[in-house]
Amino acid sequence: MPPPAPTTRVIEAKTRVIYGDTDQMGVVYYANYFRYFELSRSEFFRSLGGSYVELERQGFGLPVVEASARYRAPAKYDDVILIEVKLVELRRASLRFEYVVRREAGRDELATGFTVHACVGPQGKPTGLPTEVMRLLSASPSP
Amino acid sequence: MPPPAPTTRVIEAKTRVIYGDTDQMGVVYYANYFRYFELSRSEFFRSLGGSYVELERQGFGLPVVEASARYRAPAKYDDVILIEVKLVELRRASLRFEYVVRREAGRDELATGFTVHACVGPQGKPTGLPTEVMRLLSASPSP
Amino acid sequence: MPPPAPTTRVIEAKTRVIYGDTDQMGVVYYANYFRYFELSRSEFFRSLGGSYVELERQGFGLPVVEASARYRAPAKYDDVILIEVKLVELRRASLRFEYVVRREAGRDELATGFTVHACVGPQGKPTGLPTEVMRLLSASPSP
Amino acid sequence: MPPPAPTTRVIEAKTRVIYGDTDQMGVVYYANYFRYFELSRSEFFRSLGGSYVELERQGFGLPVVEASARYRAPAKYDDVILIEVKLVELRRASLRFEYVVRREAGRDELATGFTVHACVGPQGKPTGLPTEVMRLLSASPSP
(Lines give C-alpha, C1' and ligand atoms only; values in the text may rest on other atoms or scores of the structure.)
Protein backbone atom coordinates (compact mmCIF):
# COMPACT_ATOMS: atom_id res chain seq x y z
CA MET A 1 0.00 0.00 0.00
CA PRO A 2 1.45 3.37 -1.01
CA PRO A 3 1.67 6.13 1.61
CA PRO A 4 -1.44 8.32 1.72
CA ALA A 5 -1.53 11.76 0.10
CA PRO A 6 -0.05 14.45 2.33
CA THR A 7 -2.28 16.80 4.26
CA THR A 8 -3.23 19.97 2.40
CA ARG A 9 -2.72 21.96 5.57
CA VAL A 10 -0.87 25.26 4.97
CA ILE A 11 0.78 27.04 7.85
CA GLU A 12 2.04 30.60 7.82
CA ALA A 13 4.54 31.60 10.49
CA LYS A 14 5.47 35.20 11.20
CA THR A 15 8.61 36.80 12.50
CA ARG A 16 10.38 40.13 12.44
CA VAL A 17 13.91 40.61 11.15
CA ILE A 18 16.38 41.67 13.85
CA TYR A 19 19.91 43.04 13.50
CA GLY A 20 21.26 39.62 14.36
CA ASP A 21 19.64 38.19 11.21
CA THR A 22 21.27 40.67 8.85
CA ASP A 23 24.80 40.92 7.54
CA GLN A 24 26.88 43.83 6.37
CA MET A 25 25.17 43.83 2.97
CA GLY A 26 22.23 45.28 4.92
CA VAL A 27 20.01 42.28 4.23
CA VAL A 28 19.18 38.98 5.92
CA TYR A 29 22.15 36.59 5.74
CA TYR A 30 21.42 33.74 3.37
CA ALA A 31 21.80 30.96 5.96
CA ASN A 32 19.16 32.54 8.20
CA TYR A 33 16.37 31.75 5.76
CA PHE A 34 16.83 28.15 6.85
CA ARG A 35 16.11 29.28 10.41
CA TYR A 36 12.91 30.85 9.12
CA PHE A 37 12.03 27.60 7.34
CA GLU A 38 12.49 25.77 10.63
CA LEU A 39 10.31 28.27 12.45
CA SER A 40 7.40 27.54 10.12
CA ARG A 41 8.07 23.79 10.17
CA SER A 42 7.84 23.78 13.97
CA GLU A 43 4.52 25.57 13.76
CA PHE A 44 3.38 23.05 11.21
CA PHE A 45 4.09 20.16 13.57
CA ARG A 46 2.53 22.02 16.47
CA SER A 47 -0.61 22.59 14.43
CA LEU A 48 -1.11 18.84 14.14
CA GLY A 49 -1.76 18.74 17.85
CA GLY A 50 1.09 17.38 19.87
CA SER A 51 4.17 19.29 18.80
CA TYR A 52 7.36 17.95 17.36
CA VAL A 53 8.53 17.80 20.99
CA GLU A 54 6.10 14.92 21.51
CA LEU A 55 7.33 13.15 18.43
CA GLU A 56 10.81 13.40 19.85
CA ARG A 57 9.73 12.13 23.24
CA GLN A 58 8.67 8.97 21.46
CA GLY A 59 12.26 8.73 20.28
CA PHE A 60 11.75 9.77 16.67
CA GLY A 61 13.43 12.50 14.78
CA LEU A 62 13.18 14.02 11.32
CA PRO A 63 16.67 15.27 10.50
CA VAL A 64 17.11 17.36 7.37
CA VAL A 65 18.79 15.43 4.57
CA GLU A 66 18.49 18.13 1.94
CA ALA A 67 17.79 21.85 2.08
CA SER A 68 17.56 24.40 -0.68
CA ALA A 69 16.60 28.05 -1.12
CA ARG A 70 16.21 30.52 -3.97
CA TYR A 71 16.57 34.14 -3.02
CA ARG A 72 14.44 36.54 -5.04
CA ALA A 73 14.44 39.79 -3.08
CA PRO A 74 16.18 40.70 0.16
CA ALA A 75 14.50 40.83 3.56
CA LYS A 76 15.71 43.79 5.60
CA TYR A 77 15.97 44.86 9.21
CA ASP A 78 12.57 45.39 10.86
CA ASP A 79 10.66 43.70 8.02
CA VAL A 80 7.83 41.49 9.20
CA ILE A 81 8.09 38.32 7.19
CA LEU A 82 5.68 35.48 6.65
CA ILE A 83 6.83 31.94 6.02
CA GLU A 84 4.35 29.62 4.38
CA VAL A 85 4.98 25.91 4.66
CA LYS A 86 3.32 22.93 3.03
CA LEU A 87 4.00 19.22 3.15
CA VAL A 88 4.33 18.27 -0.51
CA GLU A 89 5.57 14.70 -0.28
CA LEU A 90 4.85 11.98 2.22
CA ARG A 91 6.80 8.75 1.81
CA ARG A 92 7.34 5.70 3.96
CA ALA A 93 10.50 7.08 5.52
CA SER A 94 10.81 10.66 4.31
CA LEU A 95 9.00 13.97 3.97
CA ARG A 96 9.38 17.02 1.79
CA PHE A 97 8.29 20.50 2.81
CA GLU A 98 8.12 23.56 0.60
CA TYR A 99 8.39 27.14 1.80
CA VAL A 100 7.57 30.60 0.54
CA VAL A 101 8.93 33.60 2.43
CA ARG A 102 7.11 36.91 1.91
CA ARG A 103 7.39 40.41 3.28
CA GLU A 104 4.11 41.13 5.08
CA ALA A 105 3.95 44.64 3.65
CA GLY A 106 2.98 44.10 0.01
CA ARG A 107 3.37 40.34 0.32
CA ASP A 108 6.43 40.44 -1.96
CA GLU A 109 7.94 37.01 -2.46
CA LEU A 110 11.45 37.07 -0.99
CA ALA A 111 12.52 33.45 -1.14
CA THR A 112 11.31 29.95 -1.83
CA GLY A 113 12.80 26.69 -0.73
CA PHE A 114 12.38 23.13 0.36
CA THR A 115 13.67 20.64 2.89
CA VAL A 116 13.68 16.87 2.75
CA HIS A 117 13.63 14.93 6.01
CA ALA A 118 14.40 11.34 6.80
CA CYS A 119 12.82 9.54 9.72
CA VAL A 120 15.13 8.15 12.37
CA GLY A 121 14.24 6.03 15.34
CA PRO A 122 15.39 6.02 18.95
CA GLN A 123 19.03 5.09 18.19
CA GLY A 124 19.34 7.45 15.27
CA LYS A 125 18.74 4.59 12.82
CA PRO A 126 16.72 5.23 9.65
CA THR A 127 13.21 3.91 10.03
CA GLY A 128 9.77 4.20 8.51
CA LEU A 129 7.40 6.89 9.75
CA PRO A 130 5.39 5.58 12.69
CA THR A 131 1.75 4.87 11.79
CA GLU A 132 0.55 7.58 14.15
CA VAL A 133 2.76 10.18 12.46
CA MET A 134 1.76 8.97 8.99
CA ARG A 135 -1.86 9.37 9.98
CA LEU A 136 -1.35 12.92 11.29
CA LEU A 137 0.45 13.97 8.13
CA SER A 138 -1.97 12.45 5.64
CA ALA A 139 -4.81 14.21 3.84
CA SER A 140 -7.50 12.08 5.46
CA PRO A 141 -6.39 11.71 9.07
CA SER A 142 -9.20 9.38 10.08
CA PRO A 143 -11.22 7.15 10.54
CA MET B 1 20.65 70.77 32.73
CA PRO B 2 20.74 67.05 33.55
CA PRO B 3 19.10 64.58 31.16
CA PRO B 4 15.44 63.90 32.00
CA ALA B 5 14.32 60.75 33.80
CA PRO B 6 13.89 57.81 31.43
CA THR B 7 10.46 56.74 30.29
CA THR B 8 8.78 54.16 32.52
CA ARG B 9 7.54 52.30 29.46
CA VAL B 10 7.92 48.53 29.77
CA ILE B 11 7.83 46.38 26.65
CA GLU B 12 7.43 42.63 26.57
CA ALA B 13 8.46 40.83 23.41
CA LYS B 14 7.57 37.24 22.69
CA THR B 15 9.26 34.53 20.69
CA ARG B 16 9.40 30.76 20.49
CA VAL B 17 12.60 28.77 20.83
CA ILE B 18 13.59 26.94 17.65
CA TYR B 19 16.16 24.18 17.13
CA GLY B 20 18.56 26.76 15.75
CA ASP B 21 18.58 28.55 19.12
CA THR B 22 19.57 25.47 21.09
CA ASP B 23 22.87 23.68 21.45
CA GLN B 24 23.76 20.09 22.20
CA MET B 25 23.19 20.64 25.91
CA GLY B 26 19.49 20.68 24.92
CA VAL B 27 19.02 24.29 25.99
CA VAL B 28 19.24 27.71 24.39
CA TYR B 29 22.87 28.59 23.62
CA TYR B 30 24.06 31.35 25.91
CA ALA B 31 24.89 33.85 23.16
CA ASN B 32 21.35 33.68 21.80
CA TYR B 33 19.91 35.44 24.84
CA PHE B 34 21.55 38.55 23.44
CA ARG B 35 19.50 38.04 20.28
CA TYR B 36 16.40 37.89 22.47
CA PHE B 37 17.48 41.09 24.21
CA GLU B 38 17.79 42.75 20.82
CA LEU B 39 14.35 41.54 19.78
CA SER B 40 12.77 43.28 22.77
CA ARG B 41 14.90 46.39 22.31
CA SER B 42 13.72 46.72 18.72
CA GLU B 43 10.13 46.50 19.89
CA PHE B 44 10.87 49.11 22.51
CA PHE B 45 12.09 51.56 19.88
CA ARG B 46 9.19 50.71 17.60
CA SER B 47 6.76 51.41 20.45
CA LEU B 48 8.00 54.99 20.64
CA GLY B 49 6.50 55.59 17.21
CA GLY B 50 9.01 55.76 14.40
CA SER B 51 11.15 52.69 14.76
CA TYR B 52 14.85 52.47 15.22
CA VAL B 53 14.98 52.29 11.42
CA GLU B 54 13.93 55.95 11.37
CA LEU B 55 16.58 56.86 13.90
CA GLU B 56 19.10 55.23 11.62
CA ARG B 57 17.80 57.02 8.55
CA GLN B 58 18.70 60.24 10.32
CA GLY B 59 22.23 58.86 10.52
CA PHE B 60 22.31 57.91 14.20
CA GLY B 61 23.12 54.61 15.76
CA LEU B 62 23.17 53.15 19.25
CA PRO B 63 25.88 50.49 19.20
CA VAL B 64 26.22 48.24 22.21
CA VAL B 65 29.24 49.11 24.35
CA GLU B 66 28.53 46.64 27.13
CA ALA B 67 26.32 43.57 27.41
CA SER B 68 25.76 41.20 30.28
CA ALA B 69 23.51 38.29 31.18
CA ARG B 70 22.86 36.04 34.17
CA TYR B 71 21.40 32.66 33.39
CA ARG B 72 19.06 31.26 36.04
CA ALA B 73 17.18 28.45 34.34
CA PRO B 74 17.44 27.09 30.82
CA ALA B 75 15.03 27.87 28.00
CA LYS B 76 14.29 24.82 25.89
CA TYR B 77 13.11 23.95 22.42
CA ASP B 78 9.50 25.00 21.76
CA ASP B 79 9.31 27.16 24.89
CA VAL B 80 7.47 30.42 24.38
CA ILE B 81 9.57 33.06 26.04
CA LEU B 82 8.83 36.62 27.03
CA ILE B 83 11.49 39.30 27.12
CA GLU B 84 10.75 42.36 29.22
CA VAL B 85 12.80 45.46 28.55
CA LYS B 86 13.05 48.76 30.39
CA LEU B 87 15.17 51.84 29.84
CA VAL B 88 16.82 52.35 33.23
CA GLU B 89 19.35 55.07 32.46
CA LEU B 90 19.21 57.98 30.08
CA ARG B 91 22.38 60.04 29.76
CA ARG B 92 23.55 62.70 27.34
CA ALA B 93 25.31 60.21 25.12
CA SER B 94 24.38 56.77 26.40
CA LEU B 95 21.52 54.52 27.43
CA ARG B 96 21.12 51.48 29.61
CA PHE B 97 18.45 48.85 29.13
CA GLU B 98 17.59 46.02 31.50
CA TYR B 99 15.99 42.74 30.49
CA VAL B 100 14.15 39.88 32.12
CA VAL B 101 13.57 36.70 30.12
CA ARG B 102 10.73 34.46 31.29
CA ARG B 103 9.12 31.26 30.10
CA GLU B 104 5.50 32.08 29.29
CA ALA B 105 4.25 28.88 30.95
CA GLY B 106 4.59 29.57 34.66
CA ARG B 107 6.44 32.84 34.03
CA ASP B 108 9.66 31.32 35.40
CA GLU B 109 12.53 33.76 35.28
CA LEU B 110 15.17 32.30 32.96
CA ALA B 111 17.68 35.11 32.62
CA THR B 112 18.29 38.75 33.37
CA GLY B 113 20.68 41.14 31.74
CA PHE B 114 21.53 44.61 30.58
CA THR B 115 23.02 46.44 27.64
CA VAL B 116 24.68 49.86 27.55
CA HIS B 117 24.58 51.82 24.29
CA ALA B 118 26.55 54.80 23.12
CA CYS B 119 25.17 57.25 20.61
CA VAL B 120 27.05 57.70 17.37
CA GLY B 121 26.39 60.19 14.61
CA PRO B 122 26.42 59.89 10.82
CA GLN B 123 30.16 59.17 10.52
CA GLY B 124 30.23 56.74 13.43
CA LYS B 125 31.56 59.44 15.75
CA PRO B 126 30.38 59.53 19.38
CA THR B 127 27.79 62.22 19.85
CA GLY B 128 25.08 63.33 22.26
CA LEU B 129 21.58 61.95 21.84
CA PRO B 130 19.61 64.16 19.47
CA THR B 131 16.99 66.31 21.24
CA GLU B 132 14.18 64.50 19.46
CA VAL B 133 15.44 61.12 20.66
CA MET B 134 16.01 62.41 24.19
CA ARG B 135 12.41 63.63 24.22
CA LEU B 136 11.03 60.29 23.04
CA LEU B 137 12.99 58.39 25.67
CA SER B 138 12.18 60.62 28.63
CA ALA B 139 9.45 60.13 31.19
CA SER B 140 7.58 63.30 30.23
CA PRO B 141 7.78 63.38 26.44
CA SER B 142 6.04 66.73 26.07
CA PRO B 143 5.11 69.60 25.93
CA MET C 1 32.73 35.51 -26.97
CA PRO C 2 31.72 33.02 -24.29
CA PRO C 3 33.06 33.44 -20.77
CA PRO C 4 36.35 31.62 -20.18
CA ALA C 5 36.50 28.29 -18.35
CA PRO C 6 36.56 28.71 -14.59
CA THR C 7 39.80 28.39 -12.66
CA THR C 8 40.57 24.87 -11.49
CA ARG C 9 41.75 26.24 -8.16
CA VAL C 10 40.50 24.18 -5.20
CA ILE C 11 40.49 25.72 -1.73
CA GLU C 12 40.06 23.83 1.51
CA ALA C 13 39.05 25.82 4.57
CA LYS C 14 39.21 24.43 8.06
CA THR C 15 37.21 25.12 11.19
CA ARG C 16 36.28 23.44 14.43
CA VAL C 17 32.69 22.87 15.54
CA ILE C 18 31.74 24.84 18.64
CA TYR C 19 28.71 24.46 20.90
CA GLY C 20 27.13 27.43 19.20
CA ASP C 21 27.08 25.51 15.90
CA THR C 22 25.20 22.53 17.31
CA ASP C 23 21.57 22.06 18.23
CA GLN C 24 19.84 19.84 20.73
CA MET C 25 20.06 16.87 18.37
CA GLY C 26 23.76 16.93 19.32
CA VAL C 27 24.87 17.72 15.77
CA VAL C 28 25.60 20.82 13.73
CA TYR C 29 22.38 22.69 12.94
CA TYR C 30 21.56 22.40 9.25
CA ALA C 31 21.65 26.15 8.53
CA ASN C 32 25.19 26.41 9.84
CA TYR C 33 26.60 24.43 6.92
CA PHE C 34 25.89 27.51 4.85
CA ARG C 35 28.13 29.46 7.21
CA TYR C 36 30.84 26.87 6.54
CA PHE C 37 30.28 27.23 2.81
CA GLU C 38 30.76 30.98 3.18
CA LEU C 39 33.95 30.49 5.17
CA SER C 40 35.50 28.50 2.33
CA ARG C 41 34.17 30.91 -0.31
CA SER C 42 35.84 33.82 1.48
CA GLU C 43 39.12 31.93 1.48
CA PHE C 44 38.65 31.22 -2.19
CA PHE C 45 38.34 34.92 -3.01
CA ARG C 46 41.23 35.75 -0.72
CA SER C 47 43.39 33.18 -2.50
CA LEU C 48 42.96 35.08 -5.76
CA GLY C 49 44.96 37.89 -4.27
CA GLY C 50 42.90 40.86 -3.19
CA SER C 51 40.10 39.51 -1.10
CA TYR C 52 36.38 39.86 -1.60
CA VAL C 53 36.71 42.99 0.54
CA GLU C 54 38.54 44.62 -2.38
CA LEU C 55 35.86 43.53 -4.79
CA GLU C 56 33.34 45.19 -2.54
CA ARG C 57 35.39 48.35 -2.27
CA GLN C 58 35.02 48.66 -6.00
CA GLY C 59 31.29 48.59 -5.41
CA PHE C 60 30.56 45.06 -6.58
CA GLY C 61 28.84 42.29 -4.73
CA LEU C 62 28.04 38.64 -5.38
CA PRO C 63 24.84 37.96 -3.45
CA VAL C 64 23.65 34.38 -3.20
CA VAL C 65 20.67 33.69 -5.45
CA GLU C 66 20.47 29.96 -4.76
CA ALA C 67 21.89 27.72 -2.06
CA SER C 68 21.56 24.02 -1.51
CA ALA C 69 22.98 21.32 0.74
CA ARG C 70 22.75 17.56 1.09
CA TYR C 71 23.50 16.19 4.54
CA ARG C 72 25.13 12.77 4.59
CA ALA C 73 26.55 12.38 8.08
CA PRO C 74 26.41 14.72 11.06
CA ALA C 75 29.27 16.95 12.20
CA LYS C 76 29.57 17.03 15.97
CA TYR C 77 30.97 19.25 18.69
CA ASP C 78 34.76 19.52 18.60
CA ASP C 79 35.04 17.95 15.14
CA VAL C 80 37.59 19.60 12.91
CA ILE C 81 35.93 19.98 9.55
CA LEU C 82 37.33 20.76 6.15
CA ILE C 83 35.33 22.60 3.51
CA GLU C 84 36.47 22.19 -0.06
CA VAL C 85 35.25 24.74 -2.57
CA LYS C 86 35.51 24.90 -6.35
CA LEU C 87 34.20 27.36 -8.91
CA VAL C 88 32.30 25.13 -11.33
CA GLU C 89 30.56 27.68 -13.51
CA LEU C 90 31.62 31.10 -14.67
CA ARG C 91 29.06 33.08 -16.64
CA ARG C 92 28.80 36.69 -17.73
CA ALA C 93 26.84 37.71 -14.68
CA SER C 94 26.81 34.73 -12.36
CA LEU C 95 28.96 32.11 -10.66
CA ARG C 96 28.40 28.68 -9.22
CA PHE C 97 30.47 27.19 -6.42
CA GLU C 98 30.38 23.60 -5.20
CA TYR C 99 31.32 22.47 -1.72
CA VAL C 100 32.27 19.28 0.04
CA VAL C 101 32.38 19.23 3.85
CA ARG C 102 34.48 16.52 5.45
CA ARG C 103 35.49 15.55 8.96
CA GLU C 104 39.27 15.86 9.15
CA ALA C 105 39.56 12.64 11.12
CA GLY C 106 38.93 9.94 8.54
CA ARG C 107 37.93 12.48 5.90
CA ASP C 108 34.33 11.27 6.04
CA GLU C 109 32.10 13.20 3.71
CA LEU C 110 29.51 15.02 5.83
CA ALA C 111 27.75 17.26 3.35
CA THR C 112 27.86 18.57 -0.18
CA GLY C 113 26.28 21.65 -1.61
CA PHE C 114 26.37 24.53 -4.00
CA THR C 115 25.68 28.24 -4.18
CA VAL C 116 24.86 30.38 -7.19
CA HIS C 117 25.77 34.06 -7.10
CA ALA C 118 24.67 36.97 -9.23
CA CYS C 119 26.86 39.98 -9.78
CA VAL C 120 25.52 43.34 -8.66
CA GLY C 121 27.06 46.74 -9.19
CA PRO C 122 27.40 49.78 -6.96
CA GLN C 123 23.65 50.49 -6.67
CA GLY C 124 22.71 46.85 -6.17
CA LYS C 125 21.74 46.54 -9.84
CA PRO C 126 22.46 43.28 -11.69
CA THR C 127 25.51 43.67 -13.88
CA GLY C 128 28.09 41.62 -15.72
CA LEU C 129 31.22 40.51 -13.92
CA PRO C 130 33.91 43.17 -14.27
CA THR C 131 36.70 42.17 -16.68
CA GLU C 132 39.23 42.15 -13.86
CA VAL C 133 37.11 39.73 -11.83
CA MET C 134 36.42 37.55 -14.88
CA ARG C 135 40.15 37.34 -15.47
CA LEU C 136 40.90 36.36 -11.85
CA LEU C 137 38.26 33.64 -11.91
CA SER C 138 39.18 32.10 -15.24
CA ALA C 139 41.38 29.09 -15.86
CA SER C 140 44.01 31.06 -17.77
CA PRO C 141 44.30 34.30 -15.83
CA SER C 142 46.70 35.95 -18.22
CA PRO C 143 48.08 37.60 -20.25
CA MET D 1 41.20 23.13 52.20
CA PRO D 2 40.63 25.99 49.76
CA PRO D 3 40.69 25.27 46.02
CA PRO D 4 44.17 25.58 44.50
CA ALA D 5 45.23 28.64 42.51
CA PRO D 6 44.10 28.44 38.87
CA THR D 7 46.52 27.50 36.14
CA THR D 8 48.37 30.43 34.59
CA ARG D 9 47.94 28.90 31.17
CA VAL D 10 46.95 31.44 28.52
CA ILE D 11 45.37 30.28 25.29
CA GLU D 12 44.93 32.35 22.17
CA ALA D 13 42.42 31.16 19.61
CA LYS D 14 42.20 32.56 16.12
CA THR D 15 39.35 32.96 13.68
CA ARG D 16 38.38 35.06 10.71
CA VAL D 17 35.23 37.15 10.57
CA ILE D 18 32.74 35.96 7.95
CA TYR D 19 29.67 37.72 6.56
CA GLY D 20 27.50 35.60 8.81
CA ASP D 21 29.15 37.17 11.87
CA THR D 22 28.41 40.74 10.84
CA ASP D 23 25.20 42.75 10.91
CA GLN D 24 23.99 45.64 8.82
CA MET D 25 26.05 48.10 10.84
CA GLY D 26 28.99 46.54 8.94
CA VAL D 27 30.57 45.15 12.11
CA VAL D 28 30.42 41.90 14.07
CA TYR D 29 27.04 41.51 15.80
CA TYR D 30 27.42 41.90 19.54
CA ALA D 31 26.13 38.44 20.45
CA ASN D 32 28.74 36.78 18.26
CA TYR D 33 31.57 37.80 20.58
CA PHE D 34 30.19 35.19 22.94
CA ARG D 35 30.70 32.63 20.20
CA TYR D 36 34.31 33.78 19.95
CA PHE D 37 34.65 33.45 23.72
CA GLU D 38 33.41 29.90 23.47
CA LEU D 39 35.85 29.11 20.67
CA SER D 40 38.78 30.09 22.88
CA ARG D 41 37.31 28.32 25.91
CA SER D 42 37.06 25.08 23.93
CA GLU D 43 40.70 25.40 22.94
CA PHE D 44 41.57 26.04 26.55
CA PHE D 45 39.96 22.78 27.63
CA ARG D 46 41.51 20.93 24.73
CA SER D 47 44.95 22.24 25.74
CA LEU D 48 44.62 20.49 29.09
CA GLY D 49 44.76 17.18 27.27
CA GLY D 50 41.44 15.45 27.00
CA SER D 51 39.03 17.98 25.61
CA TYR D 52 35.83 19.23 27.11
CA VAL D 53 34.20 16.38 25.17
CA GLU D 54 35.88 13.97 27.60
CA LEU D 55 34.65 15.94 30.57
CA GLU D 56 31.17 15.61 29.16
CA ARG D 57 31.54 11.90 28.55
CA GLN D 58 32.08 11.57 32.26
CA GLY D 59 28.69 13.24 32.67
CA PHE D 60 29.85 16.67 33.78
CA GLY D 61 29.06 20.01 32.27
CA LEU D 62 30.07 23.60 32.87
CA PRO D 63 27.07 25.69 31.83
CA VAL D 64 27.49 29.45 31.69
CA VAL D 65 25.78 31.21 34.61
CA GLU D 66 27.01 34.69 33.77
CA ALA D 67 28.47 36.28 30.65
CA SER D 68 29.61 39.82 30.01
CA ALA D 69 31.39 41.78 27.30
CA ARG D 70 32.67 45.31 26.78
CA TYR D 71 33.00 46.42 23.19
CA ARG D 72 35.85 48.81 22.50
CA ALA D 73 36.32 48.79 18.75
CA PRO D 74 34.43 46.91 16.05
CA ALA D 75 35.66 43.76 14.35
CA LYS D 76 34.89 43.79 10.64
CA TYR D 77 34.42 41.35 7.80
CA ASP D 78 37.61 39.48 6.87
CA ASP D 79 39.45 40.60 10.05
CA VAL D 80 41.56 37.89 11.60
CA ILE D 81 40.85 38.06 15.30
CA LEU D 82 42.64 36.55 18.26
CA ILE D 83 40.82 35.58 21.42
CA GLU D 84 42.93 35.26 24.55
CA VAL D 85 41.44 33.32 27.43
CA LYS D 86 42.61 32.83 31.00
CA LEU D 87 41.11 31.01 33.95
CA VAL D 88 41.05 33.68 36.65
CA GLU D 89 39.03 31.98 39.37
CA LEU D 90 38.82 28.37 40.41
CA ARG D 91 36.28 27.53 43.11
CA ARG D 92 34.82 24.32 44.44
CA ALA D 93 31.87 24.41 42.09
CA SER D 94 32.51 27.26 39.69
CA LEU D 95 35.02 28.81 37.31
CA ARG D 96 35.60 32.23 35.87
CA PHE D 97 37.29 32.89 32.55
CA GLU D 98 38.41 36.24 31.18
CA TYR D 99 38.79 37.07 27.50
CA VAL D 100 40.49 39.67 25.36
CA VAL D 101 39.59 39.88 21.68
CA ARG D 102 42.13 41.55 19.40
CA ARG D 103 42.48 42.20 15.69
CA GLU D 104 45.58 40.34 14.53
CA ALA D 105 46.68 43.27 12.38
CA GLY D 106 47.97 45.83 14.86
CA ARG D 107 46.72 43.77 17.81
CA ASP D 108 44.06 46.39 18.57
CA GLU D 109 41.93 45.45 21.53
CA LEU D 110 38.36 45.02 20.27
CA ALA D 111 36.54 43.60 23.27
CA THR D 112 37.02 42.15 26.71
CA GLY D 113 34.73 39.95 28.69
CA PHE D 114 34.23 37.16 31.16
CA THR D 115 32.11 34.09 31.73
CA VAL D 116 31.27 32.32 34.97
CA HIS D 117 30.50 28.61 34.87
CA ALA D 118 28.87 26.32 37.37
CA CYS D 119 29.65 22.64 37.51
CA VAL D 120 26.77 20.22 36.99
CA GLY D 121 26.79 16.46 37.32
CA PRO D 122 25.21 13.70 35.23
CA GLN D 123 21.59 14.67 35.98
CA GLY D 124 22.20 18.40 35.53
CA LYS D 125 22.44 18.86 39.31
CA PRO D 126 24.94 21.40 40.71
CA THR D 127 28.00 19.64 42.03
CA GLY D 128 31.59 20.28 43.00
CA LEU D 129 34.30 20.06 40.36
CA PRO D 130 35.60 16.50 40.14
CA THR D 131 39.08 16.09 41.65
CA GLU D 132 40.54 15.21 38.28
CA VAL D 133 39.19 18.41 36.73
CA MET D 134 40.32 20.49 39.71
CA ARG D 135 43.80 19.07 39.29
CA LEU D 136 43.91 19.86 35.56
CA LEU D 137 42.78 23.43 36.15
CA SER D 138 45.12 24.23 39.02
CA ALA D 139 48.48 26.01 38.85
CA SER D 140 50.42 22.98 40.08
CA PRO D 141 48.78 20.05 38.32
CA SER D 142 50.81 17.35 39.93
CA PRO D 143 52.58 15.84 42.36
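Chains: A, B, C and D, in written order; residue numbering restarts at 1 for each.
One rule holds for everything that comes next: a residue touches a chain if its C-beta (ideal position, glycine included) is under 8 Å from a C-beta of that chain, and two chains touch if they have at least 3 such contacts.
Predicted, not measured: the structure shown is a model, and the values here were computed from it.
Visitor: Using mean Cα positions as chain centres, tell me which chain lies farthest from chain B.
Guide: C
Visitor: For the chain pairs B-C and A-C, which is connected through the larger number of C-beta pairs in contact?
Guide: Per the contact counts, A-C leads.
Visitor: Compute the distance, rounded to whole Å, between the mean C-alpha positions of chain A and chain C.
Guide: 25
Visitor: Can you give the whole-Å distance between the Cα centres of chain A and chain B?
Guide: 29
Visitor: How many Å are there between the centre of chain B and the centre of chain C, using C-alpha atoms for each centre?
Guide: Here chain B and chain C have centroids separated by 35 Å.
Visitor: Residue numbers in chain C touching 2 or more other chains?
Guide: Only 19-20, 25, 27, 31, 34-35, 38, 77 qualify.
Visitor: Connecting every touching chain pair, does the picture come out as line, ring, star, complete or other?
Guide: Here the contact pattern is complete, since every chain touches every other one.
Visitor: State the interface residues of chain B toward chain D in the complex, per the touch definition above.
Guide: Checking each residue of chain B against chain D gives 25, 27, 30-32, 34-35, 38, 61, 63-71, 74, 115.
Visitor: Which positions of chain D touch chain A when the two form their complex?
Guide: Where chain D meets chain A, its residues are 19-20, 22-27, 29, 31, 76-77.
Visitor: With touch defined as at the start, can you tell me which chain C residues reach chain D in the complex?
Guide: Going through chain C, the ones touching chain D are 15-16, 18-20, 34-35, 38-39, 42, 46, 51-53, 77-78.
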